[in-house]
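Some structures are shown below for you to check.
One chain, subunit A, links the two complexes that follow: it is found with subunit B in the first and with subunit C in the second.
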Partner chain A sequence: MAVVVKLEPDFSEGSISYNPDGTLNRNETKSTLGPHSRIAAQAAFYAKVKYGARISVASMSGHVANTALQQAMQTCDAEVLHLYNDVLFAGADTLGTAETLKAGISKMEGKMDIVFSGHRASDGETGQTGPQIAWKLGFPFLGHVISYDVNLEKRTITVKRLLSLQGMPDVIEEVEAPLPVFIAIDPSYKHSFDTVSERLTSEKYQREAYERAKNYKDRLQVFNSEKLGVNRGLIGLAGSPTIVYDVQRVPKGKATRHAEVLDGSNPEHIRKAVARMREALSAMVTK
Partner chain B sequence: MTQEYYRHLYVVIEQIDGKILPVSFEMLGEARRLFDDFNARYSSNEKVVAIILGHNIKEMSKELIAYGADVVVSVDHPEVKDIRNIIYTKIISQISTDKEIASKIEPSYASEFKKPRYMFFAADSIGRHLSSTVLVELDSGLASDINKLVIRDLEVTHQIKTAGKPVNFKKTLEMYRPDFSGFLWTTILCLDNRNNPVIERDYSPQACSIIAGAFKPISPDPKRIGVIVDYVPKIDEKDLRVKILSRKVIESEVDFESRRAVVGFGRGIKDAPEKNIKLVEEFAKHLDAEIGISLPISKNVYPASPSISSTYMIPARVIGTSGRKISPMLYVAFGISGASQHVTGMEDSEFVVAVNPDENSPIKDQCDIFIKGRMEDIIPLLLEELKQQQQVVQA
Partner chain C sequence: MEKYDVAIIGGGSTGLAALKQLSNLGKQAILLEAGSKIGSKNISGGILYSKKPRKGIVTNVEQVFENFLDDAPFERKITKYILHSTSKDKVYSMDLTAAHDYQANFGYSVLLNKLNSWFAKQAVETAQKFGGGIIPGVHVKSVKWNEDGTAIIQTDELDEFEVKAIIAAGGVNSEIAEMTGARPKFTPMQLYQGVKVIVKLPEKIIDERFGVSSGEGAAHLFAGDVTLNHIGGGFLYTNRNTLSVGAVYHLDSQLRNPTEPYRLIDALLKNPMVSEFIKDNVPVRADIDKSLPQEEQLRIRFAVTKLIKTWYDVRENHLSSNEKDEQAIADIKAKLSFVQEQMTAKYNVTFKTDYVEAEYGAKLIPDGKRCRMKKPFFKNILFAGDAAGRGIFIGPRIEGLNVGIDDGVRAANAVARALDKNDFSESFLGQYYSQSLEESPYTMDMKQIDQDYLKIFLDAARDVPKDIIGSRYGPILKMMSNRTLRGIAVKFANVLGYDKLLPMIESEDTYVKVPIELAERLGKSIPISYSPSILSIADRISKLSYNDDHMPHIKIRDPDSEYMKKMVILCPAKCYSEEGGKIMLQHEGCIDCGTCSQETDWKHPRGEKGVNYQYG
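Moving on, here comes the complex of A and B:
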């Protein structure tokens, strides 16, 4: 099985830096294994403990993505790390990215039964990459997965998916699919190891992962476009239908209300604010 | 490369158990506005085509026409009763390239027709992934989470697309996408490669997924006239290999609907997350209010005790386009800047109070009372005052 992970800005406290206008300062913000990617790696670890799966991790990025791969290895005790690094990969939109990652996954040793991705990249990205890799691989795609179990004899997977749609109550859908599949892990994914032996196995692999991640370079394989054997017309800028044409500030929305500005340090103003709030609430009763 | 291979705007409708989701009507509304203008400007007669899949959905086609569709392609079949990615992707792709359907949409161009010119999906749990796979199948580009659209002729110079030379791209869809901060708009274009002969590739449709709540539907007109095409899909057994075993509605533990007041908090908690959330909690208790949050809070980036973070820093509490739309009598926003995605979720509140030290925060234009100050200072004062005023009533 394989996990695709992404290096993203580190949104944890202290690492993130904003420009004065409130936008993300990408130069000063540190990078790390994306939180969604981390959850995907955790989900893969479940299969390692439960079913003895062999895990490979892949990322398409510059060399700095080493750190993300190392962190992913520590999370899921991966056997192999793939880094796809080439100037020709750069500037890809999701279609171009998916082509590279598909090629990489196809190059992995052994047959892939499950491929995991994160729900979306957390720097406000698209969530499109996972399903696009899946379609290119010819695997069924299951998104919003919050838990899963594999039936090794039947070679099937059953997953629970969390669907939230505008104006509807959330739905949990239980789905069965034959392997191989591609699943994108929902942020609310959780698993627990129920038996003593699972817990012991989990601890053992965690120790192993810790040691392995120290020497992650031993297991790191770097591929350029030639080594991956990808068609240059399908990757990077050349293989990307979409371009970013312009970036501008969103004009301030029209004021929909006219605010009365109160000064929080003035007790009279606080009294007024509370009175107005209570008024607003009592309007309901008479309505 | 004549433009006429690619025609019309196809809108992929979502319905669950016979109910069309609001975002579908919103997309049709925007499609209608864009195409009335498009046809007038380019003296053409291209259509807004709605695609709907489901079982026992005959009635819905008329509704879609009332909401702005010129043509509805309807697939009524037991195998597409519930939404499943593979079979939906295959059928939508079939419809998008089918010449017979094209001939019913616009007979004069049917023989040339290859693919839609533009395509809309919803940016939700279904459409996000469906759009991704359909656009791989159709081999074209896709922008996600769009909230503004413009069609125009554009001169573009691009290293790859035009080999550095200016090229005029006609009828280009500018797709505006708010970034993570909510304050930057990225315009995304889907353009053919015109740097012949290196990598000539046509990219149609120009497609995007659209944020729920971003556009307004048109007011429905039951007398609007349109064409309904019943499409019988070609179904391959192996495309049905994913089986839905069960679907369960989950009652959210978060109840925005029956409460009169909602109290929201955002990144303004940052200086003392745990302490500030406890203040918000107490304030909400006194107003009998439900607690909501801005999207970044749900990402668990602020240190807080497990009980606080598992109760409050959760997706179910997010207010906005990625979460819930609320309409309480009173909404109080602590430390929320008022990004457009958040505002979409709370703008229907009757009365809005914001507490924020920064008078330039956009929330100021979205509230009735703006209390200037830091939440850690203001909430205790509000609490004290609230207790006093409530006591007076009881006495």
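Moving on, here comes the complex of A and C:
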């Protein structure tokens, strides 16, 4: 199986670097495995412990020597690291990125049963890359996955998806799908190993991953567009139909609440507060 | 239900030694540790000894962990051991290196986070071969038994599983010991409260300041006014590039006259000798101009943080013993002055003399003279190390690490023998282990006074005017100073037993009054060049790393009790407060020390929860 990860600038204090003009210095700022990608890598690790899966990690990035890939390797005990690095990839939107990642995944050894991705990245991504890779690979796409289990005999996967609909309580949907699939992992994904034997296996793989990741470059395969054999018209800026017209701050919602300051030691105020709460509650019930 | 041969509860040095030994013997054992990582819950002084007792045999650390001497991350080999009596700015020093060397192969200063992780790495490599291993982040909440006598381990995190035998090495606050009824909770009279801070100091400064060569270190012990009238004392041990500064006080004495544990540490840090030992050159940030735009203020803050971090790293490297050629030294020097220049010129960073505290921690320590388990087993569970109350406390001598390692090996040997015969009965397993502990020279130290060890102190005190000690210990002293009489006196004392003798030796006279008098009359005045800006307890706690648990692991039984009222002062993390005469607990800042356990329903936090020490 494969995990696609995104490398993001590390915004923690001390790691971040600024240019003299105050803008972010991307070259000096360390890159780190994005939190969503980390969860995707953790989810893949679950399959390694439970089903003995073999894992490869794929990423498209401008940095070649990248400690974030090392982190990914450590997290999921991957055996292979793919890095897609080419000036031609630059300027790609989600569709262009998806084409590159699809090409890379298709190049990986062995049969791909599950491809994992994070929910989205924290530095300006829209959650479209995953579905587009799935579409290009021809795999069913399952998003918002919070847990999963594989039936090896039937070659199916059962996942739980967290569906949040505006104004409604969250719903957990269970879906069964034939392998192979592409799953995007929800940020609230969490697995647990409940038996001693699973925990021992997990500890063993984690240790091996840690050792292996020390020399992660031995397992790193770097591809440019030529090596990947991708169609230049479908990648990078050329393959990216999105035009970012303008970036705006998310407007703050106008406050519609009216606050009144009450003094907790004043019985009159307390009575007032209780009356208001009653009123509000009864209104809710009749609705 | 899954089945395994042996479970070890607790991954401190004791449990890890047991796992290594069982694996060395080809047996399968699973070690469960509540902390998220091995070492994250352990704290010590600490000097780890390797001993060569004249009578009896002990298994030392380097015998269980064969690579110890070549590869273990110990700090420094302690070669100086000095006791200081203090009163205000005066200090009277006595060289007790002979006591440190007594029947010892070596004593290394250690930091448990690093050391226990290393032990774990060694143990797991062997354990894995026999289907065993270490599972961190798992808290054992209880043990049940099947009809056939096999034990079922219940945890907060995993499905139940079955084992043939258990080694309980959960430390001084082991709830397993109490829950199974193997022993009652230790009482304050049987315990010491230990508090400690880690102070950062570059390696070469330590070498120079403590007059030791690279890799070697010093231990300084303190009694007198730094004790704030408590029975106990302070210590300062040199690590490679940190100092361990701690205070250890009898809990009974603390209950009689409660003093905040952090104030006891502060008193030690403020002692002129200690202040001078810990001082360093410390960068101080300039206030950021508040009239600047927010982004600019943020940028400055980040830039200064980064520069200071770089400065510490480069300086650390500059003042470390890492092998460097001349070119490398020149490069480091150039970088250091460049960074320093940037700090001062660009961001108005200044430098002052102060100290840098990296970690605060506390833990109870069992006094084996008073609380070692006489029956260290229950059904097929063997208790070892601190869990069995087996700490050695004799004068400045605190030994729990080496005792725990030896206990762990004895427990492992007993379990291996039981596995071979498939007999886990109390008479075959428990009794055998109990007998083995009885034969341990460490048990002897918990039972009897060793006259040769005592003589070292008498020799060291030779120059002390007789009237200072004479008025208090006159007759004893006379007997002890004479070779033939000493034998008789020690025999007589041993007949009396430690119980009767202890109140006399472990008294305010010994730890407070005599040292103060010594310092005042014979001490040298130590000039002080600065006053350390000591961290507040709030700052200390906020520097620690926690994984908060919304479920409290401690429940107060009686919020009106006198004991609990004292916890408002005695909790080293200030978790208790009194509101309207009732005692309230805020468990989030708890550092699992166990001080309040006497009158609470006390458990270790669930797996991975609570405090994580970085040094230990």
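Convention: the second predicted complex is superposed on the first by the 221 of 287 C-alpha atoms of A that agree within 3 Å, B and C clash if a C-alpha of one lies under 4 Å from a C-alpha of the other, contacts with A are read in each partner's own complex, and residues count from 1 in each chain.
Simple rule for what comes next: a contact is a pair of C-beta atoms (placed from the backbone, for glycine too) under 8 Å apart; a residue touches a chain by one contact, two chains touch by 3 or more.
No experiment lies behind these values; they were computed from the predicted model shown.
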Q. Does subunit B (first) or subunit C (second) touch A:Glu226, or do both, or does neither?
A. neither
Q. Just subunit B (first), just subunit C (second), both, or neither: which does A:Lys136 touch?
A. first
Q: Mind working out whether A:Glu208 is in touch with subunit B, subunit C, both or neither, as first, second, both or neither?
A: neither
Q. Which partner, subunit B or subunit C, touches the larger number of subunit A residues?
A. B
Q. After lining up the shared chain so the two structures overlap, which partner does A:Glu260 touch, if you call subunit B first and subunit C second: first, second, both or neither?
A. first
(Q) On the A-aligned overlay, A:Ala238 touches which partner chain: subunit B = first, subunit C = second, or both, or neither? (A) first
Q: Please work out whether A:Glu174 is in contact with subunit B alone, subunit C alone, both, or neither, and reply first, second, both or neither.
A: first
Q.
I'd like to know which partner A:Thr195 touches here: subunit B for first, subunit C for second, both or neither.
A. second
Q. Same subunit A residues contacting subunit B and subunit C, which ones?
A. 13, 16, 18, 22
Q: Please give the residue numbers of subunit A that touch subunit B in the complex, ascending.
A: 11-13, 16, 18, 21-24, 35, 93-95, 98, 122-128, 130-132, 134-136, 140-144, 158, 162-178, 184, 187-188, 232-233, 237-238, 240-250, 252-265, 267, 269-271, 273-278, 280-281, 283-284
**Q.** subunit C partner contacts - residues on subunit A that touch it in the complex
**A.** 13-14, 16-18, 22, 192, 194-197, 199-200, 203-204, 207
Q | In the complex with subunit A, residue positions of subunit B that touch it | A | 14, 16, 19, 21-23, 85-86, 89, 122, 124-126, 128-129, 131-133, 135-137, 140-145, 154, 156, 158-161, 174, 178-191, 193, 199, 201, 203, 212-213, 241-252, 260-261, 270, 287, 296, 298-303, 314-316, 325, 329-330, 332, 337, 340, 343, 347, 350-355, 359, 362, 364-374, 377-378, 381-382, 385-386, 389
Q.
Quick check on the complex: what are the subunit C residues that touch subunit A?
A. 2, 4, 30, 124, 128, 132-136, 138, 157-159, 161, 295-296, 299, 301-303, 305-306, 309
